[in-house]
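Each of the two complexes below includes chain A, the first together with chain B, the second together with chain C.
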Partner chain A sequence: MNTTLGTRIAPRPLGLSESWRRRLPLLPALVFTILLTQVPFVMSIWYSLTDWKVVPPTPRQFVGLGNYGKLVSDHFFRQAAWTSIELTVVPVLGSILLGTAFALLLDRKFFGQGLVRTLLITPFLLMPVVVGLIWKNQMFHGLYGVINWVIEKLGGTPVEFISRYPTWAIAATLIWQWTPFMMLIILAGLQSQPGDVLEAAKVDGATPFGIFRQLTLGHLRPYMELGILLGTVYLIQVYDQVAVMTGGGPGSTNLPYFVFERSIGGGWDFGRASSYSIVVVIASIIIATVALRVLSGLLKGEEIA
Partner chain B sequence: MSDGPSPRVVGESRSVNGAFGLLAWVVGLAYFFPVFWMVLNSFKSELDANASPKLFFHPTLDRYRDVTKSTTGLLSFGEAFTNSAVVVLVSTLIVLTLAIPAAYALAIRPVAKWRDVLFFFISTKFLPVVASVLPIWILAKNLNLLNTRMALIILYTGINLPLAVWMLRSFFREIPRELIEAAEIDGAGLKGQLTSIILPMAAPGIAATALLCVIFAWNEFFYAVQLNPVQGSTVPIWVTTNISTRGDFLAKLSAASVLACIPVVLAGWIAQKRMIRGLAMGAIK
Partner chain C sequence: MTSVRYDNATRTYEGTSVPAVDALDLDIGDGELLVLVGPSGSGKSTALRMLAGLEPLDGGSIRIGDRDVSNVRPRDRDIAMVFQNYALYPQLTVADNMGFALKQAGVPKEERRTRVREAARVLDLEPYLDRKPKHLSGGQRQRVAMGRAIVRRPAVYLMDEPLSNLDAKLRVQTRTEVVELQARLGVTTVYVTHDQVEAMTMGHRVAVLKDGVLQQCDTPRKLYHEPLNLFVAGFIGSPAMNLVPVGDERPLRLGGSAIELARPGDAALAEISGAITVGFRPEALQVGEGPLRAKIRTVEDLGSEVFVHLSLEHRGQPLALVSKMMPPFDGEPGDSIGLQIIGATHLFADDGSRVVSTTATLQAASAPAGVASDASPAAP
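Coming up: the complex of A and B.
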């Protein structure tokens, strides 16, 4: 087996070739990861090809792509898919814009810089369940919520945010929690900017706005892409905030919540629920392919260095 | 983050900088407001919390007493924190045990195609948990692991392992090659190199990695609620038990939330510089 791996180094006393000696420390982590991620994934694909209701127990039957055929006409699925898109795109864009603005603010010297940064990163450290619950119960609350208090002070009428605008309420909450993450990535980008180039531009008489548009933005691009892509793969999976803020419903049931509802959450239709989850995977794979291309571009630079 | 003065401020007037500093403070305080308000609410009586927002009130620790005293039947504070502590610490230890050798094999004496392996690890993070939760639930059920700490320990190890490998690799790469080669010439094997050079030199990076693992595992809700709804439940689930359908609960919920978030927020505040590097640079380098 060792010879096929093309190593030219003589086997060590242990009987392991150099390439296997190198590989050995990697194997436990690799095997664990494969067992825990790939095996369930393959099982999910198999489930999605069957008609299988667990409660009441019915015999599992192979139906091929039948579950996927039904997806197209499934009104609830389409609604959940659309909600998933909204609950991913809006928070990602909102948090990258806000995160960039915050990073630009923090990238200057001022009194108490470290303290302001600490304030700004805190939402990202909070438990997602807690974030959902405090926004629901203290910020968006129809009677005692802080936002409605402000609206009333300004002469407006209070709004039941959670029941009237569930998608926007959850999206706003997600933006609040994810902006610090984007801010940190952009900040890392800003601080890796070569100072001499900026200095030269300044000497040449470039305006601060000109410098930002022509130099900084170009330099930040890979960082923004990375933030958007990582944010997307995490936000497409959001479950916690949906579960605690609305517990599902039109405009807030996204695909992960829908899968849960239709399976262990009470639907017990494992066959069809699996087909929903495979759709989420396909969407994620498309995004991840782009993400990995960006990452590999960043890693290429490392080899030259 | 604030290493050395930024060259950008040269030539800009003091007042412009002052104005930006002020703006940053206003933004920071406004952004932090929901957290501040949660902490404030946790010291109120339910009557004060469930009223028009008030800044001045008679502070009390009673809500903290309410949420920490054992309630009959439901998940208690003590149980939830013990479960969380065990699950988080054990899974983080397993992650490090598996990830440190793996990172060595990807950074220091890299295997062939190390980049593909690295991408495989990180790509598993892109696989949504919904795609695996049904098979995992069925497997756990068949193995009698539902409602056990073991189920969560295994799953949280799986969640954090790819990230840990990724981050540790970037930290290990920064160790000077000459040191490792010198140890090798002295006849140190993997174990010797790890204990004499790599672990001491990468200790801050390893700590940052462990901290991120702790944060993700401590805050995890989805698997916990799916697999352990009855027993072995963790802190996020305990927080939700403080919501009641009858009567006011905001002050109690706030107190529970503060307790649930304190360990991770404090750790995050203390280690923020390293964590920022780990999060941002670990993902890039």
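Coming up: the complex of A and C.
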């Protein structure tokens, strides 16, 4: 391991001491990061193997995989897991579709291009809590939300979006926030498509839609996969919008919010809450592993081409 | 009938003031292989892309057959194009690359397959039909690009430097194959190259471009022997023609010798005023016996022929000349040696246009020029 790394950096193999001397300056940061991320993680694993209720205070007891065994039959956990899947799949697919549409519109020269692009990116630059508040109060609100104002102007009756469709309301917010990210990835993909290939297709008689379907889509596939995987890893852990917009209201409790509810949010059952979070982490790790493989495949593909 | 006609066609790119192709007039016959040649940046690709419909016209028109295609989309022009970097569809297999245009045209699957097979057989691509382009060598990719064009029977083939990414040997070999293929298919072809050897060996006619302006369009033989101007004279031929500026003195002098022209040249000379450039090809300059002395700089012995690079003092400045000799030649760099002109000699006027082509001989320095020109049946 040391030697392979050493040979890749320099043509001559480095001695062990030399390679360590080079890495020494990185060590404090590395140790700090490990302490900060891995210690709590390991502690969570430990907690998840115990029965530990804080209110009323009971002594912590090692129960092995008991908490995980209960997961399967826990109706609330299954509900939260399903909501997590909904709140991940819908926003990811929605934002990749919208992002692709915007990227296709942006992938040409027009007046004010830079300004439009910057404006389209802004939702991604907002804090999730702020996004949640904007949508809850300015957009979805039953009395003074913009959407209901439009609906009334058009002669419809106002809808209490957040209480009637809590999960969809959150999903819409997430789509709004994540579309710019997908758009940037797809735009990078579009702009890396060689111009002469597109010209060859034009000369070969393909229509614009035919070119998109037969060539561009295939070219974009790895970029879409990357966007989907990165989006999934992040969105599976969404907490802010749920907390701000519905507080886990009817059917919108996803796993991260469920962890909160069962622990410091009032449940005070740290043992079981920890087991939920471990499940989320494992799911994220699986997705992230696939994501990294796709990413490295993408980079390798560029090298060859 | 698929002739092609550029009529005053002009293209100026956005953000530039000089047209990349300036009022191009060109007629290409049915089944002809016309080569567009010129130095880099002379507008060859632009001219081809205008014909393909990939660049709009800023003036003039282009006809394919009887149809004015100036405002027709590329896909409706019935052309096939081979790109310099091949522009293969990276996600498609070789077979799908070659069948792509047929698929767009709605050709049924079975017929598509037979036509792709047929083209693959011609191009020796049969073993690679299921591969993706990135798993092919440069030469194979080039053939796929050709194959993509020949599975179709378009009105015109357009090729933009299709051989420039091949190594020298493969290039010469493929050159012949392209010529044979074109002759067999009989499809009108416009072929772009910056390599004048490629142009001369491939083209039925060759059009020479410079700075977007057409200089001359003629058969290779005529371009070589009767270049219309200094640019064509210098561009066509390797090594290049010896071009000697001789100013406006009469008689014409090269170094210390007088250049004596045969009758027609002499008469034409009397008509020209202003500075003149004298041009003669390397094979028209003989090294060995001769009235003018020059120093050998280098000798390139290619086996079948020898190029002797010479220098001499001309009008107070060093002048480089090249001679092409038949081997054996045993001069050494540094030797002083005699020169004589033994072949066609061209005179170019001040504006670069060729005025006359004739034969000339060099006279010894001591001979008074006026006397020499009267007493001179001395061509070797």
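In this section, the second predicted complex is superposed on the first by the 280 of 305 C-alpha atoms of A that agree within 3 Å, B and C clash if a C-alpha of one lies under 4 Å from a C-alpha of the other, contacts with A are read in each partner's own complex, and residues count from 1 in each chain.
Throughout what follows, contacts are C-beta pairs under 8 Å (C-beta built on N, C-alpha and C of every residue); 3 or more make two chains touch, one makes a residue touch a chain.
Predicted, not measured: the structure shown is a model, and the values here were computed from it.
Peer 1: Are chain B and chain C a fit on chain A, or do they clash, once the structures share the same frame?
Peer 2: Fit: chain B and chain C sit side by side once superposed on chain A.
Peer 1: Which one hits more chain A residues, chain B or chain C?
Peer 2: The larger set of chain A residues in touch belongs to B.
Peer 1: So, does A:171 touch the first partner chain B, the second partner chain C, both, or neither?
Peer 2: After superposition on chain A, A:171 lies in contact with neither partner.
Peer 1: Which holds for A:210: it touches chain B only (first), chain C only (second), both, or neither?
Peer 2: After superposing on A, A:210 lies in contact with chain C but is clear of chain B.
Peer 1: Looking at A:199 after the superposition, I want to know if it touches chain B, chain C, both of them or none. Which is it: first, second, both, neither?
Peer 2: A:199 sits against chain B and chain C alike.
Peer 1: Touch test for A:218: chain B only (first), chain C only (second), both, or neither?
Peer 2: After superposing on A, A:218 lies in contact with chain C but is clear of chain B.
Peer 1: Let me test your reading of the model: by the given contact rule, A:162 touches which partner, first (chain B), second (chain C), both or neither?
Peer 2: A:162: touches no partner chain.
Peer 1: For A:63, decide between first (touching chain B), second (touching chain C), both and neither.
Peer 2: neither
Peer 1: Tell me which partner A:188 touches in the superposition: chain B (first), chain C (second), both or neither.
Peer 2: Touch status of A:188: first partner only.
Peer 1: Of the two partner chains, chain B (first) and chain C (second), which one does A:144 touch, if any: first, second, both, or neither?
Peer 2: first
Peer 1: Rounding in steps of 10 degrees, give the angle chain B-chain A-chain C taken between C-alpha centres.
Peer 2: If I round to tens, I get 80 degrees.
Peer 1: After the superposition on A, what does A:44 contact: first (chain B), second (chain C), both or neither?
Peer 2: first
Peer 1: Nearest CA pair across chain B and chain C in the overlay: distance in Å?
Peer 2: 5
Peer 1: Based on the A-chain superposition described above, do chain B and chain C contact any of the same residues on chain A, and if so which?
Peer 2: Residues 196, 199, 202, which sit in both footprints.
Peer 1: Over in the complex, which chain A residues touch chain C? Could you list them?
Peer 2: Residues in contact with chain C: 194, 196-197, 199-207, 210, 214-215, 218-219, 304-305.
Peer 1: Over in the complex, which chain C residues touch chain A? Could you list them?
Peer 2: 52-54, 73-75, 77, 79-81, 83-85, 87-92, 100-101, 104-105, 134, 148, 158
Peer 1: Considering the complex alone, what residue numbers of chain B touch chain A?
Peer 2: Interface residues on the chain B side: 1-2, 5-12, 17-18, 20-21, 23-25, 27-29, 31-35, 37-38, 41, 49-53, 98-99, 101-102, 104-106, 109-112, 115, 117, 119-139, 154-155, 157-158, 161-162, 165, 190, 215, 218-219, 221-222, 225-226, 235-236, 239-240, 243, 249-250, 253-254, 257, 260-261, 264-265, 268-269, 272, 276-277, 279-281, 283-285.
Peer 1: Show me the residue ranges of chain A that touch chain B in the complex, using the header's touch definition.
Peer 2: The touching residues are 5, 19, 22-26, 28-30, 32-33, 36-41, 43-44, 47, 102, 105-130, 133-135, 137-139, 141, 143-144, 146, 149, 176, 179, 181, 184-185, 187-189, 191, 195-196, 198-199, 202, 208, 223, 226, 230, 233, 236-237, 239-240, 243-244, 255-256, 259-260, 263-264, 270, 273-274, 276-278, 280-281, 284-285, 287-288, 291-292, 295-296, 298-299, 302.
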